[in-house]
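Each in C-alpha cells, the structures are laid out below.
Next come two complexes built around chain A: one with chain B, the other with chain C.
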Partner chain A sequence: MGQLIVGQLLNGAIVGTLYGIIALGVTLTFGITGIVNFALGAFMMLGCYMAWYLTDGVGMPYPVAVVGAVAITSLAGLVADQTLFRFTRNNLVNGLLVSIGLIAVMEGAALLIWTSTPKNMEYVWPGVFMVAGLVVPKMKLLVVALLLAVILATYAALTRTWIGRAAYAYAQNPEAAELMGVRTKLLQSGVVVYSTGLAGLGGALYASLYSIDPTLGAVYILKAVEAAILAGIGSVMGSLFGGVLLGVTEGVGSIYLPIAFRDAYGLVFLVAILLFKPAGLFAGRK
Partner chain B sequence: MRLVLAAAAFALLPLVVKSDFILTILVFSFLLGMLAVGFNLIFGYTGQLSMFHAAAFGISAYATYLSMTHWGTSFWTGMLIASALVLALSVIVGTICFRFRLKEFYFAVVTLAFSEMARLVVLNWNGVTNGTLGIILQEKPNIWLPGQGLVKLEGTLMWYYVSLVALALTVIVCLRLVNSWMGRCFAAIRLNDELGDTLGINVFRYKLAAFVVGNIIAAITGGLYAFYLGSIEPGFLSIDQSLAIVAMVLLGGRGAVAAPVIGALVLTALPHMIHLGAELRSIVYGAILILTILLMPQGIYGTLALLGRRRAV
Partner chain C sequence: MLEFERVNVHYGKNHVLKDLSVRVGEGEVVSLIGSNAAGKTTTLRTALGLKSSTSGSLRFAGEDITRLATHQRVNRGLVLVPEGRQAFVKFTVIENLLMGAYHRADRDQAQKEIDIVFDMFPRLRERRAQKAGSMSGGEQQMLAIARGLMAKPKCLLLDEPTLGLAPIIVEEIAHTVRRLAAAGMTILLAEQNAAVALACAARAYVLESGNISLQGESDELRKTDAIKSLYLGN
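Let's turn to the complex of A and B:
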C-alpha cells in the first residue's frame, strides 16, 4: 500500500509537470493578452506529432526532433497569432471561440493526415531506475527535469531581466508601459508564440512517454486551465504547483475512490477554490 | 411581424418541399434553435457565459427516459419531471455561482465544472444510463390531434410541426420576457451589474431567473431531441455540445431573440449540404466559427440588419 501511494505520488508529479508547462502558457497568455488560449492543447498535439514525424518519418535523433518540433509549433503559433489572435486581444469570449475554432481545424487536419490510430515512440530511451522497490522509467525523470528547468528559466527571465519587467509593467498598466517604451504589440505576440512553443515542448516530450492520438490535447488543456486557476492566474511558479497538485490529487485520489471519477476530483477542488479563495491558492505571490 | 411571416413560411413549407431529407434537417435545426434561443437569454441578454446548457439538455433527456421506464409515466409527464429536476439543479448551481459573485471566465469555468461532473456521473453510472453505449429509444411519444384522438408521434412531418410549434412557443416566451421589465433588468446586468445593483436591481435574483429559464428551455428541448433522434448518449452533456450552442448563437446573432435560429439552421444544414468526411467537416466547422467571429462579430442577423439600415439611410 505504501509503495502504491508513493508510486501514485510520483506519477502524479510527472503528469502534473506536464499540466504545469501548458498552464504556464495559459497564465502568461491570459496575463498579457487577456484571452484564454484553449488551442494550446492542439499545439501540444502538434508538438507530439512533429516529434514523432521527425524521429520516425525523417529519422532524426530524438533530441534534434524535439528542438525541431518546438520550432515548428512556435512557427504555427506565430501564424495563428498574426492571422487570428491579433484581432481578439482583451476580448475573452471572442478569443475563447476563435481558439475553439482553431482546435476544430487543427484536430480535423491531424485526423486527416495521421488518422485516429495512436502512434507510439516510447522506444526512444527505454530503461528504468529501481528506487526502493519502485520502477521509475529514465525517460520520465528526464522529462520532468527538462520541464522543471524550462519553468524555472521562465520564472528567472520574468523576475530578473528587462523583458520580465516590461511584462509586469504591461500587466499592471498597458498604457503607462507603452509610454515608457515597452513595445506592447511585440510583447503580446511574443507571449502568444512563447506559450505555443511551451505547449509544443510539452507535446514533444509527452510523445516519448505515452502513445499519441489527435485528440489528446483536449484533456491536457482542461487540466492546464484548472491548474492555472487553482494557483491563481498570473503566477508563474503557481502554475507549476497547481499542475503538480492536480496531478497528485488525481493519482492519490484514484487509489481510494473509484477511478472512473478521476477527472472529477480536480473539478471539485477547482470549484471549492474558486468559491472560497477566488484569487487562487498562491494569490499575492507573483 | 417578420417573425410571424417567417413562422407562416415554415408552416407552409411542407406543402412545397416533400423531401424527407430537407425536413429532417429542419426538425433538427428547430430543436437546436430552441436550445440556442434559450441559451441566448443567459448569454446574449444577461451577459453570462454559461457552460451548463449541455448538462441541462442531456440530464433532461436521460431523466425523461428514466421516468418513462421506471415510473411508467407518459412522455409529456416525464418531460415535466425532467424539467423539474433541471429546475432544481439550475437553482442550486445558479445560487452557488451567483451568491459567490462569479463572473465572466470564472462563471464559465465553474458551470463547466458542474457540467463535466454531471457528464462523468452519466458516463459511469452504468446500471442506469448504460454508460458510453447510451440508450436506444424505441418508443415514440403520444400526441392528441383534433379529430384523430391520441396518435403516436411518428414520421418527419408530424415531428416537423411539433418542433416548429415548440420553437415558436419558445420564441414567444423569450420575446415576452426580454421586452418586459425583467428584460430591462437583464440588460442592466449585462451592461454593468454593479451599477444595476446601486440602482436597486436585485442582481442575484435576475441572474438566477435568466439562468433557470434558459436551462428549463434546454430541458424541454432535451426530451424532444432525444426522442426524435431515437437515442441518448453521454455526448449530449459534452463540452463540445455546449460550445456548439455558443457557436450557433454567435453565428446567428446575440441581439435578437430569434436570431440564434439562423445560426442553428446554418450549422445544422451546412455539413449535410456539402458531402464531406468527418475530418473535413470539423475543419469547415472551425473555419466558419473563426471567420464569423473575426468578420461578422454581430452574427448573420446583426450584419444583415446593419446592411438594411445603411441602405435605408
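Let's turn to the complex of A and C:
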C-alpha cells in the first residue's frame, strides 16, 4: 500500500508540475495579453513530438533534443504570435476562437505526419532509486526537479529583474507602464513566446516518460486552466501549487475511487475550493 | 524644446485638436489652461504618442518625433505624469519609483534620485514600503510626480496634478512645480485651475474645444476678462 501511495504521489507530482508549467503560461499570457491561450496544450504536444523525433529519429542525445524541442516550439509560438495572436490582444473571444482554430490545425498536422498510433521513446534514464524501501524511478524524479526548477526560476526572474517588474507593472496598468518606457508590444510577444516555450519544455520532458499521441494536449490545457483558476489567475507560484494539488488529488483519488472518473476528482476539488474562496486560493498575491 | 506644429487629432469623427500649435522653450514653464473636454489630456497624450495625430508635426529637442513610438520618446527625455495619477497600485512606493527609472541606462543606480524625490516629498519617504493603492489621492499624486522625476526628464508634462485635491495639497503641488521650475526644469502643465496654472508658469495657452483661444505671459493673461470671468471667478 505504501508503494502504491508513493507511486501515485510521484505520478501526481509529475502530472501536477506539468499542469503547473502550462498553467504558468496560461496565467502569464492572460495577465499580459488578456487572452487565454488554449493552444498551449497543442504546443506541449509539439514539444513531445519534437523531442521524440530529434532523439529517436535524428539520433541526438536527449538533453540536446529537449533544447531543440523547446527552440522549435518557441519558434512556432513566435510565428503564431505574429500571424494570429498579435491581432487578438485583450480580446478574450477572438483569442478563444484563434486558439481553438490553432489546436485543430496543429493536431490535424500531427495526425497527418505522425498518425494516431502512439509513439514511445527509448528509455532515457532507466533505473530506480530505493528510498526507505520504496521504488522511485530516476527519470520521474528528474522531470519533477527540472519542471520545478524552471517554474521557480521564472518566479525569481519575475520578482527580481527589471523585465519582471515591467511585466507586473504592465499587468496592473498597461498605459502607465508604457509611459515608463516599457516596450509593451515586445513584452506581449515575449510572454506569448515564452509560454509556448514552457509548454514545449513540458512536452519534451513528458515524452521521456509516457507514450505520446496527437491529442494529448487537450487534457493538459484543461487541467492547466483549472489549476490557474484554482490559484487565482495571475499568481505565478499559485499555478504551481494549483497544478500539483490537482495532480496529486487525481493520483491519490484514483487509488480509493474508480479510476474512470479520475479527471472528475480534480474538478470536484476545484468547485469545492471556489465555493469557499471564489477568487482562488492565492487571490490578492502576485 | 517641445513644439506642436499645426497638430490635428481626431477621435473617430470627433475633431478634438484643431491646428494646434504650442511651443515650450528649454527651461521654460508653460501652462495649458482649459475647461473639461477642451483637449488638454489629448494634447499631452499626443505628445507621448499614446494618441496619434492625423496631421501636423511634433518636434522635441530639435528632432521630429511625430512617428516615434512612446518608449522612444520617453528615452529621449519626454515624460508624462498622467491624469488621474495612474500609480501601480499593487507596488510599493519604492517599486513605483523604480519603475520611473525603468528606461534609464543607469537604472541600477537610481538610489540617488530616490533620495532626491524623498527630500522633495518627505511623506513618500515615510510611506516607502506602503502599497500605492492604499494611499490618499494627494499622496498618489506626489508619487506620480516623483515617479516622473525618477525618469530624469528633459521635459516634464503634468496633466491636471491638482485635480480633486484639498487646497493645502494643491498648494504643496504648486510649490513643487515652482521649485522644479527654479531648478531649470522644462515643464508643460495642463490645468483647469487657472490660478495655479498662472502662478506656476511664466507663459500660458488657453485651450477651448481644441483651439488656442488666448496665449501670452501669465501676468498679461491674468488681467484679461476671459480669464477673469471663466477661470478665476471674479
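As a convention for this text, the second predicted complex is superposed on the first by the 280 of 286 C-alpha atoms of A that agree within 3 Å, B and C clash if a C-alpha of one lies under 4 Å from a C-alpha of the other, contacts with A are read in each partner's own complex, and residues count from 1 in each chain.
The rule is short, and it goes like this: contacts are C-beta pairs under 8 Å (C-beta built on N, C-alpha and C of every residue); 3 or more make two chains touch, one makes a residue touch a chain.
As the structure is a computational prediction, the values presented were derived from the model and not from experiment.
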Next on the checklist: After the superposition on A, what does A:V182 contact: first (chain B), second (chain C), both or neither?
Outcome noted: second
Item to check | Contacts of A:V58 with chain B and chain C, given as first, second, both or neither | outcome: neither
Checklist entry - In the superposed model, does chain B or chain C contact more residues of chain A? => result B
Next on the checklist: Per the contact definition in the header, classify A:A104: touching chain B only (first), chain C only (second), both, or neither.
Outcome noted: first
Next on the checklist: With both complexes superposed on chain A, which partner does A:V268 reach: first (chain B), second (chain C), both or neither?
Outcome noted: first
Next on the checklist: Just to be sure I follow: which residues of chain A are touched by chain B in one complex and then by chain C in the other one?
Outcome noted: none
Checklist entry - For chain A, which residues count as touching chain B in their complex? => result 36, 84, 87-88, 92-94, 96-98, 100-109, 111-112, 218, 222, 225, 229, 258, 260-261, 263-264, 267-268, 270-271, 274-275, 278
Checklist entry - Within the complex, which stretch of chain A touches chain C? => result 162, 165-166, 168-169, 172-173, 175-184, 286
Checklist outcome for this item: Listed in rising order, chain B residues that touch chain A in their complex are 49, 96, 100, 102, 104-106, 108-110, 113-114, 116-117, 120, 123-124, 239, 243, 246-247, 250, 277-283, 285-290, 293-294, 297
Checklist outcome for this item: Note: in the complex, chain C contacts chain A through residues 48, 50, 69-71, 74-75, 79-80, 82, 86-91, 95, 98-100, 102-103, 107, 147, 151
